[in-house]
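In the two assemblies presented below, chain A is common to both, partnered first by chain B and then by chain C.
This part shows the complex of A and B:
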């Protein structure tokens, strides 16, 4: 009895600090956010209760829908950029000689770079005058292809997506390499004996064995790309004329630039709902095979 | 013959691809050593002579010393707090059975699903009300809170693999729960905790959006925040901005070169669990 009481005391004392900190800064804000969404508030003075008006305004705002579309462009660019590139690289990087280790390190390197630096340096890369893209185009005689990549609304959303792809290929590469190494070598040997080599081995042995991992990667990619903010904010801030606005920059600009706290909170709530819906959908899709991830 | 050609193409492709991956950083660092005159004349050539003038100028003009100091204080405090709280929570969650345990695990997992920027508005107003804005704590506390789920999961996984007998032996030697924690679990979990520390360090050192919203006082600005403001003001002084950015990325690149395997595995494990 004595020790039982002592144990309970220990549990409370040890768990409380982390639990309080985590609840206060991570969980409670979500509920506050949806609550603030019911108010008209400039951040100073009193807030006025306006019911669902903010949420209705959000749904009726063309900029919100454009931000959502742009966000989905980033999601699609990540899924169809990061996953296939990482998969192709992983298939070529199955040995551990110095060259392959170097390639792996180079691909992972952007993961440790500050996202602000990523945004700034890619802003320079896209610069019409000094940027490497236009410089190369001019050097090979494609002068007519040169553009103000981040200003031209017909291309700037795709231009913005490229640094995000570049930034996060690394983890998928590592996941895929681990998955390939986990394929039992007997299976490959058996396939070799059966005369399967090269492409056949890839299609009949390697890819089917990696299917679960690929699905996990796609889910990670979707939830990861919904978190993108820094690079876009630094490169364009959502502009020019809201052409590269994504949900997060839209929320930020409404809240902290024009001080519509209630409206910004309503957008925040929409971001959370969207994330939960996408994660929910991917969980259902994943349900059939939950095992298969053996990465530690 | 065909086989060799195939291999050659593959190696060439990998080499070109990795150079493309590195190019932005290579350009950043080499440009930092150029004068603006040289930069505008030949923006993509290798510097003809290495001048450190941009670095000293950036250090003074952008007040990078202060930013570096702020980043160091925030990063180290938050990392220490994350490692300690993560270890303590993981110890309880991995070694004891109690009613709410399963619920707590799921509760902490939830945090990994939440997009950080969706908490900006409420956190800003909440911290405004309790007077935390424009203090180091405005960064240290939320950083720690958001990193706790990953810290806990990496450490729980590791601690669960430590044999029960070691704990029992320590109890026979007269150790209480705290004795077991400090003398057995903490020292044995160093591999997992060092991964947590490295990941936290990188995350906090590079973090931007919380600093952007919660810090207004220029004497408290962290490196990423200073860089973004500085680059707005000096947008045509490329060499200077590149030098400032180089100063900011060097600590993370050094960490990457030393702890590469740990960083790769830790980041992958952290994202997969999410």
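This part shows the complex of A and C:
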């Protein structure tokens, strides 16, 4: 009895503060947000109840669907860019001599630059007049390849995705290197004795041993890139003509630029619903997740 | 012999790759030391003709980076302290204490990772107004601390599940209460994980943009470095060299915290991916 009481006290001390903070500033705002979605409101003055109209408008807005499509481009670019590049680099950089540590640090470096600065720097790199890419292209005589990278709707979504890949690859590299170094050396030795080397070792020993880590990385990657905002907001603000609008910039612009608080709230509710669907999918994908993070 | 050549090629590739990878970073540092005129004429050449520190004084004084810097420090220190302490406590409960519903809770926390916190910014803004915390640094700290911190909680839980139970039992026999044991024995034992959490949370909060942007929309004095950086972008032209200087200033503390804590950082991550 006494120990039961002690356990309860312990749980209150350890879990309650985080739970309170989380429900107050995350859970309650989610419901509050969906409630706002039922109103026509400019942020000031009175709000008018308009039922489901905002939600219907969101569903019927072509820009919302374009933002979703653009956002999925960023998700795909992150998953198929960050994970394979980080994996390949991890395989090349698994030893800890000074050269490899140096390259590792270089790859990790963009992570420490703030996202706004990343957006600003790449805004310069893509600049049609003084930017690095066009300057280099002109210098090597490929004048015809120069473009207004962030303005041309045929390329700007991909141009926007590159800095995001660049920005966030570092942590995946570290996770992968750690996973490779944690493969028991006996396994590799046994494989060597069996005559497996190079590609065979990679396919039969290294990759299977890293599989759960890779899955965790993919899920982190999806959830991270779904939240993308900073770099796109700084580079293009969603423009020109809403061609690089992603979900977060669409919500922000509707709320704080044209003051449609109700509509913006409806958008954020839709995004949260979408994320919940992704939870479902990823839970199926990651059924045996506890292997990756050992919690017994 | 063949493998030597392969390694040679890989080395050359890695050097080239590394250089291109950090070029934007080199560009930033070098542009911060160029005059505006030489910046525009030098093309992609990263080496400044003369070292010109005027951009730094302009950013620090004129663009009010001294004020932004202080705001960023207060917000980041507050947030890192709250987040690391709370995730350590939660991780301890989940990794260490056997209570009914623990497994369910781990699954729920794993799922929370997907709820993008930034999207509730409108009600969060209203909530802060309601609490009288809008236009205060404390409000920003609370908003920044309120995420699910799934990664840290799982790291701490994994770590604590591997620490031998005898430690607390010994402390309990000595008559030490939970909080005392926690701060004296448990917390210090988790150094590698703490360092990992501190570094990651420091980087995230330091560069966090959406929350401070919205919560300080009406009060420019409370802006952080990340938000203040936008002041270099004009409607018609951008002050590139000033921006580069401001960006370099904002990078210093992150580099510093890395150098201080990197020894534990890798250890903390490798310990958790087993």
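The definition used in the following text is that the second predicted complex is superposed on the first by the 268 of 296 C-alpha atoms of A that agree within 3 Å, B and C clash if a C-alpha of one lies under 4 Å from a C-alpha of the other, contacts with A are read in each partner's own complex, and residues count from 1 in each chain.
In this text, contacts are C-beta pairs under 8 Å (C-beta built on N, C-alpha and C of every residue); 3 or more make two chains touch, one makes a residue touch a chain.
Everything quoted here is computed from the prediction, not taken from an experiment.
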item	value
Superposed partners chain B and chain C on chain A - clash or fit	clash
First, second, both or neither for A:238, with chain B first and chain C second	neither
Touched partner set for A:182, first chain B, second chain C, both or neither	second
Partner chain in contact with A:18 - chain B first, chain C second, else both or neither	both
First (chain B), second (chain C), both or neither touched by A:32	both
Which of chain B and chain C A:278 touches, first, second, both or neither	second
Touched partner set for A:81, first chain B, second chain C, both or neither	neither
Common ground on chain A, meaning residues reached by chain C in one complex and by chain B in the other	7, 10-11, 14-15, 17-18, 21-22, 24-26, 28-30, 32-33, 36, 92-93, 99, 102-103, 106-107, 109-118, 120-122, 124-125, 130, 132, 135, 166, 171, 174-175, 178, 220, 223, 226-227, 229-230, 233-234, 248, 251-252, 255-256, 261, 264-265, 268, 271-272, 275-276, 279, 293, 295-296
Residues of chain A that touch chain B when the two form their complex	6-7, 10-11, 14-15, 17-19, 21-22, 24-30, 32-33, 36, 43, 89, 92-93, 99-100, 102-103, 105-122, 124-125, 130, 132, 135, 166, 169-171, 174-175, 178, 216, 220, 223-224, 226-227, 229-230, 233-234, 248, 251-252, 255-256, 261, 264-265, 268-269, 271-272, 275-276, 279, 293, 295-296
Residues on chain C engaged by chain A in the complex (per definition of touch)	10-11, 14-15, 17-18, 21-25, 27-28, 40, 43-44, 82, 86-87, 89-90, 92-95, 97, 99, 106, 110-124, 126-127, 142-143, 145-149, 151, 154-155, 157-158, 161-162, 178-179, 200, 203, 206-207, 209-210, 214, 217, 225-227, 229-230, 232-233, 238, 240, 243, 247, 250-251, 254-255, 258, 266, 269-270, 272-274
In the complex, chain A residues that touch chain C	7, 9-11, 13-15, 17-18, 21-22, 24-26, 28-30, 32-33, 36, 92-93, 99, 102-103, 106-107, 109-118, 120-125, 130, 132, 135-136, 139, 166, 171, 174-175, 178-179, 181-182, 213, 219-220, 223, 226-227, 229-230, 233-234, 247-248, 251-252, 255-256, 261, 264-265, 268, 271-272, 275-276, 278-279, 282-283, 289-290, 292-296
Residues of chain B touching chain A in the complex	10-11, 13-15, 17-19, 21-25, 27-28, 39-40, 43-44, 85-86, 88-89, 91-92, 96, 98, 104, 107-108, 110-111, 113-126, 141-142, 144-146, 148-149, 152, 157, 177, 202, 205-206, 208-209, 213, 223-225, 227-228, 231, 238, 241, 245, 248-249, 252-253, 255-256, 260, 263-265, 267-269, 271-272, 274
